[in-house]
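Chain IDs A, B and C follow the sequence of writing; residue 1 opens each chain.
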Amino acid sequence: MTSLPLGEALFAVQRTTPLVHCITNFVAMNSTANCLLAVGASPAMLHAVEEVAEFTRLAGALSINIGTPSPTWAEGMQQAAKAAQENNIPWVFDPVAVGATCYRQTLSQQLLALAPSVIRGNASEIIALTGLTHQGRGVDATASIDEARDAAITLANRQGCIVAMTGEHDFVTDGTQHWRLTGGHSLMPRVTTLGCALSATVAAFIAARPETPLVATVAALASFGVAGERAGALATGPGSFQVALLDALYQLTPSDLDTFTGLEKG
Amino acid sequence: MTSLPLGEALFAVQRTTPLVHCITNFVAMNSTANCLLAVGASPAMLHAVEEVAEFTRLAGALSINIGTPSPTWAEGMQQAAKAAQENNIPWVFDPVAVGATCYRQTLSQQLLALAPSVIRGNASEIIALTGLTHQGRGVDATASIDEARDAAITLANRQGCIVAMTGEHDFVTDGTQHWRLTGGHSLMPRVTTLGCALSATVAAFIAARPETPLVATVAALASFGVAGERAGALATGPGSFQVALLDALYQLTPSDLDTFTGLEKG
Amino acid sequence: MTSLPLGEALFAVQRTTPLVHCITNFVAMNSTANCLLAVGASPAMLHAVEEVAEFTRLAGALSINIGTPSPTWAEGMQQAAKAAQENNIPWVFDPVAVGATCYRQTLSQQLLALAPSVIRGNASEIIALTGLTHQGRGVDATASIDEARDAAITLANRQGCIVAMTGEHDFVTDGTQHWRLTGGHSLMPRVTTLGCALSATVAAFIAARPETPLVATVAALASFGVAGERAGALATGPGSFQVALLDALYQLTPSDLDTFTGLEKG
């Protein structure tokens, strides 16, 4: 049984409808907005340097995802992250495929310097990002969560942030406390950009519970875990899974998270 | 009972498959295209200054939405709107979040100068836009349709266009005639970009019925109202609602609109 | 009954999870990624000149779609196609609406010079593209597959590539061998970007079976044909069709293709 107040975190999202400013990739925009609306948050997507900092200051949290980067978008990301840092607005960094190209590595280093509150990635991305901060290059190899555990803890300590690593199971650490989550469903990797949507959902939860970002992060992951299990029980493939997941996120109650059995000290 | 020939307008869309040129935000593109196809129109999305005016001239109507603006896109929007204006092609303006940033306010003023045929927005956006045209700045506050009624009428008269304001109920005015619509479902705000898709659907209807743009606009809103009610009766959350809405838009018949009971003089 | 080993091609996709680098239009990105995941491939979407060639070299195939072009994207497309050509990575070209504007015609000529392995389009696009390579201008007219048959064969011979033309039925040629496919469902044109997703799916199949690109192309089309028929039997409109199509693509087995009856010499 969980020993963190996860239900309270979901209740806070549902009650306060936090505004989440997302600068994310083109593939993820629609599904991310729909996941945020389903859990009870208010999404806003905009990226231009002409307005991005002005808008970030209005938001409860910022979520940056580098899936389809380009120079003008990268500049928008940095201005938004700076505005978040300067105004004590929590922000989540999703380093999509950071190990794949030099361009992503450079951009990720610039964003890491702007102090994200949470980093959410898969095992390969966390290893690449950790290597990046002391070796200068990432790795591409597909890694397991257990293989990346030490890298996640190192990264959390070095950055002074929370690292949330998702995959066959999930691992969350602030460098000191570590949590392991099970849940979800085998169809989740067959639906595009669920990880991206989860990163933005983490932002919604830390917007609603900024004083306890570790609990907020775990609650966001648990929400996807519970909703994913329920959706998987109804689905006959990735199309019906995606539909059922949005319905399940919408139907989720605080008590669903308080009775979540997939959390243990990790 | 309705006193406008709404069924005829839907029939005209279904019979003529109007080509609707959309320059919209990244979040809305896919869902907008699917809504247009469902009601029987033909969507086309393109934005580059290198081709945008050439294409607008081929279209039955143009729909411009400023949800995720940037300078190159803004230039494409303006060239498209100019091409529409010069060729008597009706166009719809959706001023997403115009009150939120200075950049959106400036862009909106430039687009208003190009004489949109219809402005479709929520109450806050209509108030912001109306304020913009005489005060220079918008407002952010969440407003109700009733609070924004006078602003909508003022804007319609000042611009010589139709204003369609949607929310807990809808209000449509050409400055002289006013209509109020009820319908839809409480899940609609939980699905992203339905308002954006509705703006493009208004464009499809005015492309099919350019001689009666007020009737066309009301018919588009009534289509979403009826389809939304039917989808809501089938849905268990926002995922299944979105699926059911596309099915319901596709199944809509002219007689569904002729028997629509949610319209009254407003 | 089919006389091509289509089931083997699907099995190869499912077994090897080919990485498909997609540079596609904004409308199609999400649905394309979901179709690729459903058939068993691994999608990646990125476009910036800063990283595009580096990434293409990691991919099993490249898919380029010009639906929403702009100069910076066009440069990314050309650099990716060059990287593909230089590294013997097969690539698929989807010339969306090439007949509609001069800008698309010029861009398409530049991309044709980089030797696509497969061109996938509708009849009007194939006619426009064929005219383009000797007359300098495309045509807009809606054409039937039978009207475009000669253009497709001409284009295949001139380019030394495969041409896959889809519509009321499909026609595939390498200039010498011709195949005709039936299947699918009348709701398919009511769902946006299925043709774009099919182009990327062709790329997945040629990545898995580069030694037999004609078989791979036919197998991709047959997969959509079979899945489309099954989805159509379950759907009540385009919303439920899209969901059912992803489920059906996911459930597809090699024996489904080996018993496909919609293929004949064309």
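Everything below uses one rule, namely that a residue touches a chain if its C-beta (ideal position, glycine included) is under 8 Å from a C-beta of that chain, and two chains touch if they have at least 3 such contacts.
Note that the structure is a prediction, hence the values are computed from the model and not measured.
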| item | value |
| --- | --- |
| Same-site or different-site touching of chain A by its copy chain B, using the half cut | different |
| Rotation, 0 to 180 degrees and nearest 5, that superposes chain A on copy chain C via CA atoms | 120 |
| Inter-centroid spacing, chain B versus chain A (mean Cα positions, whole Å) | 33 |
| Numbers and ranges of chain A residues touching at least 2 other chains | 26, 30, 242-243 |
| Interface residues, chain B side, partner chain A - complex | 25-28, 30-31, 67-71, 97, 100-104, 140, 189-193, 235-240, 242-243 |
| List of chain B residues in touch with chain C within their complex | 26, 29-30, 33-34, 37-38, 43-48, 50-51, 54-55, 58, 72, 242-251 |
